[in-house]
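Two complexes come next, and they have one chain in common, chain A, joined by chain B in the first and chain C in the second.
So, the complex of A and B:
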């Protein structure tokens, strides 16, 4: 019990550090969020600004935008522990790799939630979409956000130890997140009333994916960052 | 405290240490010397548990560093000052010090107390506490980096060129810090090119060349030569 308490305390410490750094540097607010909105707008141009087409494809476009923007946030998060010897200091600190992973994943997840909230607003304003099931939308968004953050944090740590890390991360993480993209898109199809699918069933699958990716990530992270 | 027997360490595929034998006792201050590429930094990293020995025996603070568990356990009891500062640029000096103190397992109140003590010992001015690290000079960053190690109260200090980037007052402070560490029962291994300065603090010098110990002498206590 005390080990669990220590892990949670340390995870909170790491998450707080990452979020404080983000609040100070404003990389997500000043760069990632505008990038995400820009992608939504470009999709609108590419589809000829036809509202009925945009509404039909809005769930897929939303999650492709989230994944592309998440790559930037994950890249940024991973870079925090490669700057000026901070990664070595963390290895020397006594913080458990599990706590570091959970803390970092939590910080990325919080940033993704902000991103998703902004993009839902973008869908409503730019694509003329209306939300039919808010609760489903929120639960699916949270489950998919956890899955993206969990996989992204793990692969961010993996890529940060390699050369050409900036270009490798998308190649490594996007195939893993393809099932999450499919599930999240189906769940949003239902929540936005775009297609007649069982959104809750897909959300259940997303929750399982989130859990599996978090457990795998927490288990594998130590081997990647410690030795 | 530190015991290496025929220790071999690789950097990538290339041998950086080849068959190093070395014993350092608790409470000793040891100067590592040698030309660039001699293996001084690699030896410090090996003792810190950051590198896996390719072969041979490495024991530090009673942990077997050929084992993953041993390497992970020893790290929290060792301070390593490298060429990098290990500080987060976007956090303030105070936030950095408190973070590393909390990461060492201290409660919030103890972390605040240790932060204050370390800041005071390293003569980091109060006004810098709320200043982001990226606004500091190189010397101020180095002092803050040292303070981030002091908050952890390690048993073994591994200092790689600790005087680099510091003015005269800062260098004197590092010397005093080494004295403090030894007085508190700690052990200090210093890699430095400033031989006269460190030799005055350290009765024992270990010379490395080409990844091997070529001389392990004692300057005044009649130890190994």
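So, the complex of A and C:
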């Protein structure tokens, strides 16, 4: 029990550190969020600014935008430990790999939540969608956010330190997140009233995916940070 | 099980170990080639097309000649499972035992498995065009999970091709492989778990709904493509092993060359080289 408390305390420390760095450097706010809005706008241009088309495809466009923007946030998160010997210092600090993984995942998850909130606003303003089930939207967004953060943190650590990490990360993580994209899109189809599907069933699948990815990530992270 | 070697021996030039062939593997290769020829004749010439008569209308229906593709497609899919399963076991070995033997095995299995998985998608698509009336069906869960599996291992192979500390790359690749094979049960069980979201039929092998030459040809397909898989794995493993030996050899040669540049005899003795007077 005390071990679990230590892990959670250490995870909170790591998450706090990552979020403080973000608050001071403002990379996500200044670069990732504008990028996400830009992608939404580009989809609008590509689909000829037709409101009914945009409304129909809004859930899929939303999650593709989240995944593309998440790649930038994950790469940013992974780079924090590779600069100035920070990774070595963390290894020598006695923090367990599980705590480090959970902490970083939490920090990425918080950033993704901000990103999702902004993009929902973008959907309403730019695409003219209306939210029919707020509760489903929030729960599905949280479950998918955890899944993306869990997989992203694992694969971010995996690609870090390698020469081709910028191109390698998308190739590695996007296929893993393909089922999350499908589930989250279906859940949002229901929440936004775009299609008659059982959004809660898909949200349940998202929760299972989030749990599995978090457990796998926490288990495998130790083998990666030994390098 | 025999103890796996800790590392490849230095490359002995001009000896039998600088080739990937051996008497056994050549025999296996010849058998696989002959088997492929026999399988081709049986599957594409001698077996009957799938033609059935509708009981009430009397109209012909079925898969017709497209069914012939299944004699290759189904065994290819099973061999893909085997290759990726082997990759998962070897990846666990990489993380636990940390020896090159497991690493080279995992790499060989992933590479050959990805070739087979690609062929599964291609042969399935060729079969699907006349039977489903489309090259690709986005709503089919098995198709989607197989594509995701293929893409995850494409990422694995991309990771393998990056330069860096080989031990770090092999550990990271092992993690990628272990996550990727979580998709295998989804691919395999998808036709039962999501039977309303797939055009794939459920397995007819277990309850032996097929018989005679059809069953024989399908079983021959398993045997022959199993031999092809074994032959490819064997050679890919030996290529990987020789690559490692060559790398170790070049590193050792570079160290010796660097030591030769050191003018101080004391330093050379300190690192274990014989002094110039002692060397022959």
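We take it that the second predicted complex is superposed on the first by the 225 of 227 C-alpha atoms of A that agree within 3 Å, B and C clash if a C-alpha of one lies under 4 Å from a C-alpha of the other, contacts with A are read in each partner's own complex, and residues count from 1 in each chain.
By our rule, a contact is a pair of C-beta atoms (placed from the backbone, for glycine too) under 8 Å apart; a residue touches a chain by one contact, two chains touch by 3 or more.
Since this is a predicted model, take the numbers as computed values, not measurements.
Is A:48 touching anything from chain B or chain C once the two structures are fitted on A? First, second, both or neither.
neither
If you stack the two complexes on chain A, which partner ends up touching A:91: first (chain B), second (chain C), both, or neither?
First partner only, chain B.
Counting only touches as set out at the top, which of chain B and chain C does A:168 meet: first, second, both, neither?
second
After the superposition on A, what does A:83 contact: first (chain B), second (chain C), both or neither?
first
After superposition on the shared chain, which partner residues are touched by A:17: those of chain B (first), chain C (second), both, or neither?
After superposing on A, A:17 lies in contact with chain B but is clear of chain C.
Would you mind listing the overlap between the chain B footprint and the chain C footprint on chain A?
Chain A residues touching both partners: 226-227.
Where on chain A does chain C make contact in their complex?
Listed in rising order, the residues of chain A that touch chain C are 154, 158-159, 161-164, 168, 171-172, 174-176, 178-179, 182, 212, 216, 220, 223-224, 226-227.
What does chain C use to touch chain A in their complex?
Touching chain A from chain C are residues 95, 144, 148, 151-152, 154-155, 158-159, 162-165, 167-169, 171-172, 174-176, 178-180, 182.
Mind pulling up the chain B residues that touch chain A in the complex?
Spelled out, the residues of chain B in touch with chain A are 48, 50, 52, 68, 71-72, 75-76, 78-80, 82-91, 95, 99-100, 102-105, 132, 148, 152.
Flag every residue of chain A that touches chain B in the complex, lowest number first.
Per the stated touch rule, the residues are 6, 10, 13, 17, 20-21, 24-25, 80, 83-86, 88-95, 226-227.
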